[in-house]
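In what follows, chain A forms one complex with chain B and a second complex with chain C.
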Partner chain A sequence: MDGETETPKVKMAGKGVEVFYGSKQAINGIDLEVYERQVTALIGPSGCGKSTYLRCLNRMNDTIDICKVKGLLTLDGEDIYDPNIDVVELRARVGMVFQKPNPFPKSIHENITYGPRIHGLAKSKADLDVIVEKSLRGAGLWEEVKDRLHEPGTGLSGGQQQRLCIARAIAVQPEVILMDEPCSALDPIATAIVEELIGELREQYTIVIVTHSMQQAARVSQRTAMFHLGDLVEVDDTETIFTNPSEKRTQDYITGRFG
Partner chain B sequence: MADTSLTDNNVAAPRHRDIGLKKRYAAERRFQFYGKLAIAFGLFFLALLLWTVVSKGYTAFQQTSINLDVTFDESVIDPKNERNENPMKLLTANYPKLAEAALYEKLGIDAEDKAGTKAADALISKGARAQLRDMLISNPELMNQTVNVWVLAAGEVDSAIKGQFDLSVDESRRKIKDNQLEMIEKLQQDGSLEGRFNTGLFTNGGSSRPETAGVGVAIIGSAYMMLIVLLTSLPIGVAASIYLEEFAPKNRLTDIIEVNINNLAAVPSIVYGLLGLAVFINFAGLPRSASLVGGLVLSLMTLPTIIIATRAALKAVPPSIRAAALGIGASKNQTVFHHVLPLAAPGILTGTIIGLAQALGETAPLLLIGMVAFVVDAPATPLDPATALPVQIFMWANEAERAFVERTSGAIIILLAFLAVMNITAIFLRRRFERRW
Partner chain C sequence: MIKQHTVSAFEDEMQFLTHKIAEMGGHAEKMIGQSVKALTTGDVELARAVIKDDMRLDEGQREIDDKAVLLIAQRQPMASDLREVFANIRISSDLERVGDMAKGIAKRVSSVSEYSHGVKFARGLEHLSELASAQLKEVLDCYGTRSVDDVNNIIERDEEIDAMYTSLFRELLTYMMEDPRNITTCTHLLFCAKNIERIGDHATNIAEATYYMVKGHKLDPARPNEDKTHKVSLD
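Entry: the complex of A and B
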């Protein structure tokens, strides 16, 4: 851990978070803190609630009618489920990258500028062009697409599309970026590029990543949270989790005995 | 024989098990044959329909006319020179006499020859009156001038030339007599009688004389109705679909609404006619036979089609697009209007055009709101009496004259052409704007 011994600031925190889909409980009371400018990995077998938890952090679960969230979730100490909090503003601060690359069926340029335009982040066309270049550079995509910014984003390769989605997310200058298995639809080379990118993004953004790949969690994250059947089994520094877990279930999972 | 038994043994070896392949392929071939048979069956009847309609109707696009040198003789039209005081004079003048005089001259008939003039008079359509009147009224300079005009021949002449009458029947039982046939032949020989493109079919309104009857009023009525259907049912249908699909909570009430919309699509169209009669005419007091009422009734009928098509188009937009927009902080409304709706637009458009085509071909509800009317003048506004293309076909199909048979088929050709254009547009739009993810 690069010798960072001082305790980092807590960016997002959950206290006693419970999530229900109808009558079925998906998360059974979780306390989890996410530190600023760190990558926090959520791991665990399928159906353990890690994606559900991630989607609570920008209230994407609101779009599911039967989904109910209980408990306290905060961003910089503010309750994000407070009625006074605008969900649109929250999502502008907590961006998201999805499992399957989902660029809009529009040009690369429009993909990036859509967020800044609806949030009024740019005053002129020139401002937008600056944002486009900055975001694409930030996502390591600029050199590959600078000559075809007005071609459709859906024409890129899978890995490029995912980086376009990351660029689109950082174009609205969020504080936190949530990534829901961002590499599961990518080949190993594209995965390596995206992982490297995550390492760079950590300098500016707080990142929470859900992953199925233990190696990926070990490679990109500083902290790892292990979920199982809706419970948080344990959370600790990634190094500790992978070398010296305190729970047997974590040990079993990372050594491949179940999952 | 030993060889054969050896081969048999090999065939019976485990890797050549009998797994019913022959039967399976036979079933597949049989099914393909049935499919081809069904398609051939359908194509045969389509071809039969088109052939029947076109072979009966193509002659309607030609109408026999007679070329005459008509003199607008003031002594016939306005012998006492009172047209300045009495504006009705020019409207009521004896115009047919002018055309008849010109025809006598052409055929060399003595004006005193009662039988000859009577036979010749019957060759000219009664529509010549309106034609000559309109010419003189729009251009009063023509008074006492001689003008070369094509006037319509009578419907019987047209039918005789198109072979719709059996001329071997005894003269006394024919609508067209032998001496008239001689005159026709004479006119044909010097090129003064021929079939000309029938513009009147597209511009004229209702008429009891087949040669001057046209679908003009019906086309205007249908166009008004299509416009009204588009203006009312597209926005209402799309708004309802967007709300139901994207915003409404999924509960019992919305389920009931959904089921009822699907049921409405299956309600017989004549029921919508009754509804329109009760609501728009009896309750709201809108005029009968008006294309406004027809359009509103057809809108009611088209709404479920548009709603179902729009909801299907919205459902077909992948959820990942919505997630992407929401994920960067677009509001629900922005997500729908910036991303979902544009992607659903081709499907909505296709559904709308198909709904409109359905409405264009609808007859039954229009009968109930009085659009089955004999309308001569072109409707200036949607509040004026009008008919519709399919209703015009229905009315002509009830006429007795032979000449209306070809006009009925001609009107069907026109209606089918409109429908084909609309459906081709729908296919084109779908192909052009269809997106893949």
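Entry: the complex of A and C
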């Protein structure tokens, strides 16, 4: 326990973050710090702004024309919305795993090598093979697919596809991995495997996960942030949030009294 | 006022546990009163009824355990709900033990009443049991109303029970020294007194569980909680 309560380094921070979709405000000025090598869970009812906030962290919202982000968001103290920043590089440093597994319609091998190639992380084919093995091992998938690396990634089971997506995300050596409900399309066994994996990934990466499963947030994260109607209701140690939250809105939400 | 669960069956299950605890609590209080009454009046029939009645507390605890386990499996309660389920499990186990204590007293009634001075010696236990009963009742009121502001004061009163138990212990020792024929009865009564003192401790446990359930953190520890009978010697 004590190891976890030492003041960890702030990896990403938001200050007065506001997000607008056209004239509609989705996030009303949020301050939220994400600590290095911890799993931070974002919870809250649908439409509360948690996924929107998550997508701010690697400027995924840039792809939505009417979406406007205000306030300050930093990675290692650096403003990620600075006009001089290279968004492609940012997204290599801050990777993302989505709700539905979305492997490229290519081989398992190519799914992994695509990122390292465009980011120039490998000089030779041998380098790429090393990355493929390392990434697949990191995602706990190597043993299952090592004999069929050139078969299509879409031929894997749902849980394997999601781990392939995680392998693809870590292939470019990110610092932060964002996960948007990574287990909501998976069965309980595949979910357990991914949760186990999140625990292992945490040793190397900073993870921010959006989840609708309270139990999952309680199991995998060290800190939990509760969102509601575009506000950050509270953020605290996960243990505290799920046994004795300070805010009534959190209490009502996690005990199933919302509405 | 706390909102209701979206899933009404969840609400009903939580309510069931609360009502069951209240029912067990009422039953435990009744058993204490009756067992001590049987002891101080030599009423063997009443004692027999108390012994039989203990089954209901055993069943109550089993029922709460089963329902709580099922509820945890089906609903995965969180925060205040989780604390409440946890507290209910603990409290029902304390109440079941209170029933055992009362039963233990009732079982000794026939031996004590056989001896001519038995009922007279037993009188001293009346006040002790009144204190313990009052303690249990107040603690269960805290549980029922979910108000724990006064819990510390109530728990502190357990010291009165401990002090009275220690003085009873001395009194019974005196009777034994006066006349060795008193020894059998007084030994029985010592066990009865100890049982009542234990009821006070269970009330304290219930108070602590209730406090945690309501507040979400534990009551401050480090409270001197013991009787002094281990220090009583013959001189």
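Basically, the second predicted complex is superposed on the first by the 255 of 259 C-alpha atoms of A that agree within 3 Å, B and C clash if a C-alpha of one lies under 4 Å from a C-alpha of the other, contacts with A are read in each partner's own complex, and residues count from 1 in each chain.
The criterion applied here is as follows: contacts are C-beta pairs under 8 Å (C-beta built on N, C-alpha and C of every residue); 3 or more make two chains touch, one makes a residue touch a chain.
Because the structure is a prediction, the values reported are computed rather than measured.
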Do chain B and chain C fit side by side on chain A in the superposed arrangement, or is it a clash? fit
Name the contact category of A:Cys165: first (chain B only), second (chain C only), both, or neither. first
Once the shared chain is lined up, is A:Thr7 touching chain B (first), chain C (second), both, or neither of them? neither
Put simply, what angle do chain B and chain C open at chain A, by C-alpha centres, to the nearest 10°? 140
Is A:Ser124 contacted by the first partner chain B, the second partner chain C, both or neither? neither
Who wins on chain A residues touched, chain B or chain C? B
Smallest distance from any CA atom of chain C to any CA atom of chain B, in Å, after fitting: 32
Residue numbers on chain B that touch chain A, as the complex places them: 249-250, 318, 320-331, 334, 338-339, 343, 435, 437
Residues of chain C that touch chain A when the two form their complex: 2-7, 10, 75-83, 216-217
Contacting residues of chain A [partner chain B, same complex]: 58, 60, 63, 65, 88-92, 95-98, 100, 102-105, 114-115, 118-119, 154, 165, 168-169, 171-172
Quick one: which bits of chain A touch chain C in the complex? Just the residue numbers, please. 214-215, 218, 241-245, 250-252, 254-259
